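Here's a structure for you.
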């Protein structure tokens, strides 16, 4: 029976997430604000009903309440009721938790487990990769700081600003707000990127071989 | 016999696509415009002939007309004739459908089927990946909005503007029109990118292992 | 015997390439220019000697002259001598051919063959991927032109300018000289990038599985 | 026994690295500077003790001193003591070596060896890839110089500036400080990127198949 309610509830979650986004738009009319407010109340009421129905229908009620999805369901509706009691300033941030509802969409999906199994199989290598990446990020920040601090003291102010450059560069995002201009800094960037892109290639390979292993096991 | 006409027809398709691009150039001379117009008429006439020859040559005529390629052939020539009857404003947009002709180039290619078979094999995992990516995109937009809205109210106006930042950042395009400047926002960007790049690595692995499986099956 | 000369000749090639780069520097002193000129003469003389020694030492002389490396060796020295005879304007561009020398460095490397074998094995899939990428590039250019032309007529002037946007965006380079500002254009960019990044993931998987196949064959 | 001290020592290393970053912040108060100075002294004293305890506890003392980790331990504390004797200018740069301490964190990790074994297995292919990438980088710099030098003499000044463009473009970072504006240059960029992204896909595949081979061997 709960199966039939999954789809409309998923749409309701996506609808409430969309309303949450709309509320952040500047210059909204009073009518729209009112509509969004009532919309929110209706959504929370439905989710509250759903929460209590789930408790009533589950064979082991206490176990459901303290299970992961039970707690997610509770946290998804609690902020609305607490908003009347506690300070309104923190209201918006608490509401973020409502997004955890979206996770429920994939609740019954078995393929997600296969993926998490592959991640578990490769967790040691992924930890090393993450560690090496962090070290490379830090070393490249220190390096670029020494190359560029004199030439651009206002851009590469400290190692923390250089770290921001490292993140934007090694992920190849490259916003263009901070980049080297000296020959040394540019050559250093080249070396760091050659190493960094190689490092990015490794986890791709790790995940690929882990997924093949999981698939072979299940066959 | 139809085999011999594939190559010149493909060239004709590419030629008409090139003409379509030329028409968008500003400051075209009246002569060029006229040439492009007549060029278009010739192309449509040839494609119309081709369409009727295909119908005549196919053993089951009705089946061809309602097959995928039969409909594509029809849609590729229809806009030209409809342009005389209906409103001229929507003229340009209808013409876009003509580009579907390009798809016909790969019509007889068997390797495309192997690729689509691999996609079918991995469709469940790819759906999950797409879902997770969308959730991450939205969550990162909400997060950066809360970090940067106060510091840059004109850049991170609403969650919709933040979503644009999410797209440009997590795909590592990084145009540089919108980026975080606060320490919190930059650190958040770093965390999001570490997760996001990992998420991108997964479908690569999925497609790789699916393609290996398809190749092993066909051997 | 020729084996012993490979290393110094490689260094000489790299040296001449470096000199070629130096010549493009603006504000070079007359002394440096003279040094680079004499340096070039010495390099060409050595390569000319090498070319004739290779001809003399090879058992089948005519076959060497018309082999790939024989022709590369000739083309690498010819521009220098032709520069005296023909127009000096085209001098610089002809010199570019000298860079083909660098290819000689990997001449004896057997691993390069394994790599080219993998590319040959996957050539059908790579051709399809290239075709699909080109179609996607063009379709995204047409799409963004219709979304952004009205809002930014000076940036998205024609489909050719939009194609430049497509290249910079789908390769995730994102220089930031051209980007969408309308909601429609941004949403279209998001859709195109989701498809485009998936398309990029495929050849990675193809090459990976082809390399595995080549390695398994050689074991 | 040494096992129990690994965790606090790792935290101490990360703490000293964090202090090193803090020192580069501009406008630090005198108090903070003093605290960081004393903090540094305490850290070095602890690491000095650790170094001598390690020597005393190791069965073959001379062998430990001249082992890789023995030398890293020494280099990590030496700069502090040498800073009193030699010129203070080079002080900051010598300190960078202290970061090698971070490598000690992963000392006992066996998975790192599996990764380095995969790199060793694929070292020939990775060398070729690196070589091909460098050649492509240089050729693309020469090409873009000839396309863009006339149109943008101040941006594409020499081949060295063009090389910076090549690095930023082929790694898809794309800061946006230097990009082509001519039709020829943009088309050239497109061709180079199609080849370049293919080249990047290869090492990913190489590492993936090498990692699979290593995993199969260890099973």
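Think of it as A, B, C and D in the order they're written, each chain with its own count starting at 1.
We adopt the following convention: a residue touches a chain if its C-beta (ideal position, glycine included) is under 8 Å from a C-beta of that chain, and two chains touch if they have at least 3 such contacts.
Since we're looking at a predicted model, the values are computed, not measured.
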Co-neighbours of subunit D and subunit A - touch as defined: B, C
Between the pairs B-D and C-D, the one where more C-beta pairs touch: C-D
Chain of greatest Cα-centre distance to subunit D: B
Subunit A on subunit B, rotation in degrees - Cα superposition, rounded to nearest 5: 90
Rounded Å distance between subunit C and subunit D, as computed from the means of their C-alpha atoms: 27
Intercentroid distance (Cα basis), subunit D paired with subunit B, Å: 39
Numbers and ranges of subunit C residues touching at least 2 other chains: 160, 172-176, 204-205, 208-209, 212
Interfacial residue positions of subunit B with respect to subunit C in the complex: 17, 20-21, 24-26, 92-93, 96, 99, 102-103, 105-106, 109, 111-112, 114-115, 126, 130, 133, 160, 164, 167-168, 171-177, 200, 203-205, 207-212, 215
Subunit B residues within the subunit A interface of the complex: 124-125, 127-128, 131, 135, 138-139, 142, 145-146, 149, 157-160, 163, 169, 172-176, 179, 183, 186, 189-190, 193-194, 197-198, 201-202, 204-206, 208-209, 212-213
Subunit A-touching residues of subunit C, taken from the complex the two chains share: 172, 174-176, 204-205, 208
